[in-house]
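Common to both upcoming complexes is chain A, partnered first by chain B, then by chain C.
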Partner chain A sequence: MQLQIKYFGLIAEITNCEKETIEFSKTLVSELLEELFVKYPSLKQKDFKVAQNHEIVSNSSEITNPEIALLPPFSGG
Partner chain B sequence: MSRYNRHIILSDVGPEGQNKISNAKVLVIGAGGLGCPILQYLTAAGIGTLGVIDFDIVEESNLQRQVLFGTSSLGTNKALAAKERLEDLNPTIQINTYQEALTPQNALELLKNYDIIVDGTDNFETRYLINDAAIITNKPVVYGAIYKFEGQVSVFNYNNGPSYRCLFPITPKKGSVANCSEVGVLGVLPGIIGTMQANEVLKIILGFDGVLSEKLFCYNSKTSETYTLKVKKLDSEIEKVLSEKEHFKTQLFNFNCVSKNVSLKDLHEFKNIQFIDVRELHEEPKIKLDNCIQIPLNQLNNNLDKISTTKTIIFFCQAGIRSRTAVEILEKQNIANCFSLEEGAAAIIEQLKIKA
Partner chain C sequence: MTKERKPKNVFKEGAISSEFIAESIAKHQSKTSIGAHNIFLGQVRADDIEGKTVSAIEYTAYEDMANAKFHEIREATFSKFNLTCMHIYHSLGTVKIGEICLFVFVSSLRRKEVFKALEYVVEEIKAKVPVYGKEIFEDSTHQWKVNS
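Coming up: the complex of A and B.
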């Protein structure tokens, strides 16, 4: 499946793009993260939530929708 | 009253709505980049009682975005400086200032006196503190946060809705997310996000249907893109906070807190020290001491077994920054007898030479 991944805040700085399309042949969120950690090793140290179709999903969730987002918390004010 | 005429002629507000605004009590925590536009619009709107809490003073580098302040406010406490400007904007409302930091000790009492809490702070510790205090006192929180060109807005704890912990249950690793003073921010962004927060406050007061609860609104000022995340309530997170209610005031709170930093000159106060060098293996100068081991910071969690449980741990690095992170890592493991050396490795060598 082709996934559209959106990156926010400092996650987008690590990936050096705000969105990208990737080809994903596995099933779980954790498997997607493993692939992303290989591509962007420093993602591993960051806090973020994974959303699928605008809803937060856990690492054990299945990817059923191509719209994915990685959202970190912001603290600035 | 002609001051509020443009509100009153709106059919969704009217004199009744304006009355609600005049009777509302709103506490704005932080009078910085977000706090300034929040306070400005809420004051202009005629919020009956407005509380402002901030311990900080106005600095020149604030003026690029903290629009309530001018050069004449430099060096003044932000809550006070804000009040001065706001009283001119609208002398008919009550403005309470608190020139202090929000802490576990004062948070519950303070929140109790207000109907709506607005989070305009700039650090995670206070955001979680606000969240937890608001759950305990059952107050809605209008949340806003920024990072460089991006902002987030939501309303938490509203009508039994989700809280900040339902979105991000665990306090992020300290230092993993920087604040504006460290990374910079385009001045208009807090203006946009803070104004959206003021808008949510008014929507809550007026009882509008579209309050931004159960949603996290994200805005990117560079790309003009928006993204709305659905936020689900996690009862377990809220129950956790409520179950710790009795210990709220005594919780460990890291903001402006007890120093875990020590200086070389104070080391004689400690007996039985284990030094831990958290620099990378290649970094110079090398420190050779019998009671010193080296564990690079990123390997600390995997080497906890090497850390003495009976000695006082003193972390050091090159400039006293990584060593502070090391202290936090150990605190998370409930190892409390550890400190961060303010000086770096070079100063230790210097000290050793003098002693030798």
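Coming up: the complex of A and C.
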């Protein structure tokens, strides 16, 4: 499945882009992260959460939506 | 008395002006069942970090998710507290020190509800809404703000 990955804040500085489309053939959030860690090794040390359908999901969740976001700690207000 | 509330766009480009805030207050003069308003204004602070001074914050957000979360917070607040109305505005883009970046406005028949409701709304926003503040220093370097 084609996934659009969105990056925010400090995470977007590491990936050097705010979004990208990748081909993903596996199932779980953890498997997506493994692939992203290969592409962006320094992501591994960063604090972030993964969102799908506008909700934070765990690493063991299945990816069902083509839009996934990597969200560093919030700092609104 | 339940009415359907649709998600609103909470974001405004740049700082929230004092004229806009005054106008919001004035608009409530026709709602004469209200006996108490409470307002939170978040202001950009000139923090000193390791000898450098913040001159502005540049806000970005995962806007779709953020508006969905603002809507959830509104719904939860209306169900927990007896409010007449509520308005939330958050800046995107550059807001200079001393300017307002968050405006939360709650109104009720009586004061006790608005004191509790306002704190709840602001804390929920800080914890649940994907907004990011990039603190720009006077020398043009930056760091990503972390809420404490």
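As a working rule, the second predicted complex is superposed on the first by the 73 of 77 C-alpha atoms of A that agree within 3 Å, B and C clash if a C-alpha of one lies under 4 Å from a C-alpha of the other, contacts with A are read in each partner's own complex, and residues count from 1 in each chain.
Everything that follows uses one rule, which is that a contact is a pair of C-beta atoms (placed from the backbone, for glycine too) under 8 Å apart; a residue touches a chain by one contact, two chains touch by 3 or more.
Please read these numbers as outputs of a predicted model, since none were measured by experiment.
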Tell me the contact category for A:Ala51 with respect to chain B and chain C: first, second, both or neither. both
Could you tell me if A:Ala69 is touching chain B, chain C, both of them or neither one (first, second, both, neither)? both
Looking only at chain A, is it chain B or chain C that touches more of its residues? B
Mind working out whether A:Gly9 is in touch with chain B, chain C, both or neither, as first, second, both or neither? both
Do chain B and chain C land on any of the same chain A residues, and which? 6, 8-10, 51, 54, 69, 71-77
Residue ranges of chain A touching chain B (in the complex, touch as defined): 6, 8-10, 18, 45-47, 49, 51, 54-56, 69, 71-77
So in the complex, which bits of chain C are touching chain A? 42, 59-62, 64-66, 68-69, 90, 101-102, 122, 125-134, 144-147
In the complex, the residues of chain A that touch chain C are 6, 8-10, 51, 54, 69, 71-77
Residues of chain B touching chain A in the complex: 30, 32-35, 119-124, 127, 144-148, 150-152, 167-168, 170, 172-173, 176-180, 183, 185, 190, 216, 218, 220, 223, 225, 227-232, 298
